[in-house]
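Each remark here refers to the structure printed beneath this line.
The chains carry the letters A, B, C and D, assigned in the order they are written, with residues numbered from 1 in each.
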Amino acid sequence: MKKLYYPIIIEQNQIARGTFSMKLQCNEIAETALPGQFVNLYCREGEMLLPRPISICETDREKGILTLVYAVVGKGTESFSRLKKGDTIKVLGPLGDGFKIDESIKTHILIGGGIGVPPLVELAKHLKGEIYAFLGFAESPILVEELESYGAKVFVATDDGSAGFKGNVIELFKNKNITGGMIYGCGPKPMLKAVGKWAEDMGIKAQISMEERMACGIGVCVGCVCKIKKKEEEDWQNRKVCTDGPVFWSEEVIWDE
Amino acid sequence: MKKLYYPIIIEQNQIARGTFSMKLQCNEIAETALPGQFVNLYCREGEMLLPRPISICETDREKGILTLVYAVVGKGTESFSRLKKGDTIKVLGPLGDGFKIDESIKTHILIGGGIGVPPLVELAKHLKGEIYAFLGFAESPILVEELESYGAKVFVATDDGSAGFKGNVIELFKNKNITGGMIYGCGPKPMLKAVGKWAEDMGIKAQISMEERMACGIGVCVGCVCKIKKKEEEDWQNRKVCTDGPVFWSEEVIWDE
Amino acid sequence: MNKPDMQINIAGVELKNPVITASGTFGSGKEYSEYIDLNKLGAITVKGVSDIPWKGNDSPRIAETYGGMLNSVGLQNPGVEAFIEEDLSFLKRYDTKIIVNIVGRTVEEYCRVAERLSDTDIDMIELNISCPNVKEGGVSFGTDLLMAERITEAVKKTAKQPLIVKLSPNVTDIVSIAKAVVAGGADAISLINTLLGMAIDINTRKPILANIVGGLSGPAIRPVAIRMVYEVAKAVDVPIIGMGGIMTGEDAVEFMLAGATGVAVGMANFTNPTATIDVLNGIEDYMIRHGFNNIEEIRKSLIL
Amino acid sequence: MNKPDMQINIAGVELKNPVITASGTFGSGKEYSEYIDLNKLGAITVKGVSDIPWKGNDSPRIAETYGGMLNSVGLQNPGVEAFIEEDLSFLKRYDTKIIVNIVGRTVEEYCRVAERLSDTDIDMIELNISCPNVKEGGVSFGTDLLMAERITEAVKKTAKQPLIVKLSPNVTDIVSIAKAVVAGGADAISLINTLLGMAIDINTRKPILANIVGGLSGPAIRPVAIRMVYEVAKAVDVPIIGMGGIMTGEDAVEFMLAGATGVAVGMANFTNPTATIDVLNGIEDYMIRHGFNNIEEIRKSLIL
């Protein structure tokens, strides 16, 4: 039977302003998690009852360690940031359907925006062949070394130009004129939309990781849907980000407005 | 201006099954608190927003230490018992109108039931003359030594006879045939009612400390009332336990049913 | 100490215990079957089923609120045929009762679902006249006395299975609505559906839900639910399934003391996938501690 | 950065800022004057005042619930004469507006209070037709369209000061009630009073409140309050004072985005005696952060 876990926090560090890396001793999740999957983290405060979905950034299967990287954007993530080494946290996972890995592909293009970068780390670890990672940030880049350690060539863009290319990650990517067999995107919606557009233009397949507000995280509440084209049809259906995704083929996603 | 305090817990011990003694470093409250007054303790958990009124058991004015003794009876007190030395707790106080001390009285009779005993400790410290304390418990007695250290002759009753007299504290008290100039009672309602009855029969004045569910603790919500006779009248009025009490003259209290 | 008897009877259907899942919060049980043994539940109420597939509302559909949540799913579901083919055949593998929550925009739509279910193996129908998330039908049937009675009557005539009617709490007088559906033939009443609420993101300055308003559930609403169960239990003779913020066995007992025979666990499933089983164990513990032999004893033991 | 302009205008009365105290949660200000500077408040709404002293309900009157509380005080108050003598003379020492919440069992009782207040120095009257804790009058005026309009009309005729009407959330259709009181002459509307709720102690098996049911307030009810403010603001032209679970400046801003001009702080006072001032500072911070120059700008900035 699947169940909730209450792992111990073995490390918690601020890695950029408002961004934290938390390592959990959680063998069960670390052993089975796949790239692009996520976990539900629960808050202690009784007023916040819904889980916070957080992507799996990295796992160490041997040591049973799970690394999560999250940005403080509201009360829940703020409460996580106050937890200390030795505290326990309530976790459900691994959840969702992650990135599909096609061993025949030689060149992989990873595109990450801000707090969408973390899942690309575990992904890079699983990919064979050449990996190019294009990362965009508002200011401080994160996880560059981690990606490099898994063999990725990393290119960074920042809005303020404080590191790497000044501008957005899509421009940077286009500038570099690199192409490959598969694109993997995770980040804000406008970025994902642009990734999908570019992939379509170039005739490359792209997998993108979607975000939506969730309640259950396991496919029962039907709260987290996005619009997905039906195969061979004009019509679309609302599909669940938590279990049908979070990773979808970009060509199937219908963007509102 | 009065304000909330966030003192540090400098000691927390279980002194009997389900009963805890908590010492707070809180100079402001320790310096001004009077016997029979209480504080509002607030829970951390966001689902519990109302304060828990807890009597002041003892103060050390010099060191600025406040001792509270509380029983775990529900979620709030349970959450207090999980706090550790070094944690802080949100406190408002001192609150309420405590015991009146008449210096001309030579013999004082303290009657406490269960978790009604704590405020009698600070009271004993302030009384001059002979002090007899009759304490009733379901099982394990608490605070006997503390009362003795302030000169009280302590008599204990337990329901199961495991310590002292087997039976209730009122019987014990009647058995001992002790009388005095003032009675001070704190404990469950039936005990307080019996104390009042006995005091009336003997023509002794009695002050009793009342309990009621509270919201504000400072006299604004009018949530914590008990029925108090109007002077020289048949009629009664609802008076606030938190600010008109918690200590009332037993002869003025009207008991429901 | 003897094990207390947990069995309850709702409109002739025997449930092995009073713990039911609240519609829309348990899917059709498949997902939670990986976390708990569905055989242990008194009954499973599946999510709202309509005659043809419904797409539901736009995203976002979920907003967290203090001690609760808003949802505006809008009854997305694949329709009654898909339900029968996929979900029902799955559920029949388990030894638990099956309650199907039915929804529609018109009396005819509701009746078509009930009709289609009439020769299936389900145990009860729960008529949802209280969903705040669909424009037509849905809640308006639940806030108007005459409409509530009329639709109950119509579905009762069509349905082969006992009929539970699920009421909306967004009314001035819940008792008169309850009486109306009983007059219309309801065999049992479910209380409460969600309270109509709204939340705004002060940074984006937009309502959090694409649908603007949604239904509030969770422990925040429990006092309202307890009050309504108490009022309705005094006024009607049919059994009540109580729900609204049940997180623990103790919460469930509070509903029983208020007059509920069955209890449904909703939002708690999202916070804790074993919530139903924990509630069940909690009720049993309470019964043992307080010497109750069966559920009916609890229900009759409120002291006023 | 310039200080934003916090001033608001309700029915011709200028408040220095939108932060008001919710009736019944602030006494008449005396107690909180030991914790905060009352001069900083936009207005103080005092607890419900009746023509003669009311004893209120029996104890217990308070129950804690998840993220909220129930109260069944039952409008205990010393009557309008005592109010004028003691509380009003105290309040007049401060530079803040005074709103008197008035209660009664009949139209005549309400009018007598308004009449008695008409030659005093108070700034506004808040007509409470929504208290769930008194048997007659009180809430029934707030749940019936005709009664709501009639009593507003009667009090409006008697009162010299601008009239705010405080509505009950325990209704099927808040918008029609709001329209009725505006038709009756209401100069402003307060939303919301407490939701009717109940809690049972499962150990004693008794309702916690002696009065059995009581009014639910606190952050638990905020989504319901936000929804009602939003709906009513769209439907009527008079200013709205929003309340229900405001704990922080951000909560208050949510009410303004929903359409409230003023905001009232209730239960939060019990959790934090400086809640009103904290809310005020929080609103100002928000305005500075988001570049709002005045309250009206916030109120009009919801993006749909």
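The rule is short, and it goes like this: a contact is a pair of C-beta atoms (placed from the backbone, for glycine too) under 8 Å apart; a residue touches a chain by one contact, two chains touch by 3 or more.
All values derive from a computational prediction rather than experimental measurement.
Asks: Indicate the lowest number of steps between subunit A and subunit C, counting one step per move to a touching chain.
Replies: Tracing touching chains, the least step count from subunit A to subunit C comes to 1.
Asks: Could you compare the number of C-beta pairs in contact for B-C with that for B-D and name the larger?
Replies: If we tally the contacting C-beta pairs, B-D comes out ahead.
Asks: Which chain's mean C-alpha position is the greatest distance from subunit A's?
Replies: Of all the other chains, the one whose centre lies farthest from subunit A is B.
Asks: Can you compute the centre-to-centre distance for subunit A and subunit D, using the mean CA position of each chain? Integer Å is fine.
Replies: The mean C-alpha positions of subunit A and subunit D differ by 46 Å.
Asks: Using mean C-alpha positions as chain centres, tell me how far subunit B is from subunit D in Å, no decimals.
Replies: 35
Asks: I'd like to verify one number: the distance from the centre of subunit A to the centre of subunit B, where each centre is the average of its C-alpha atoms, in whole angstrom.
Replies: Between these chains, centre-to-centre, one finds 56 Å.
Asks: In subunit D, what residues contact two or more other chains?
Replies: If we look for residues of subunit D contacting two or more partner chains, we find 63, 66-68, 219.
Asks: Please output the residue numbers of subunit B that touch at least 2 other chains, ranges allowed.
Replies: 46-48
Asks: Chains as vertices, touching pairs as edges: which of line, ring, star, complete or other describes this one?
Replies: Here the contact pattern is complete, since every chain touches every other one.
Asks: List the residues on subunit B that touch subunit A in their complex, please.
Replies: By the definition above, subunit B touches subunit A via 44-48.
Asks: Touching residues of subunit C toward subunit B in the complex: what are they?
Replies: Where subunit C meets subunit B, its residues are 66-67, 219.
Asks: Under the stated contact criterion, what part of subunit C meets subunit D in this complex?
Replies: Touching subunit D: residues 63, 65-68, 70, 143, 170-173, 195-200, 202, 204-207, 212-213, 216, 219-224, 226-227, 230, 245, 250, 253-254, 257-258, 286, 301-304 of subunit C.
Asks: Could you please specify the touching residues of subunit B with respect to subunit D in the complex?
Replies: Per the touch definition, subunit B meets subunit D at residues 1-4, 42, 46-51, 92, 212-226, 237-238, 243, 256.
Asks: In the complex of these two chains, what residues of subunit B are touching subunit C?
Replies: Against subunit C, subunit B makes touches at 46-47.
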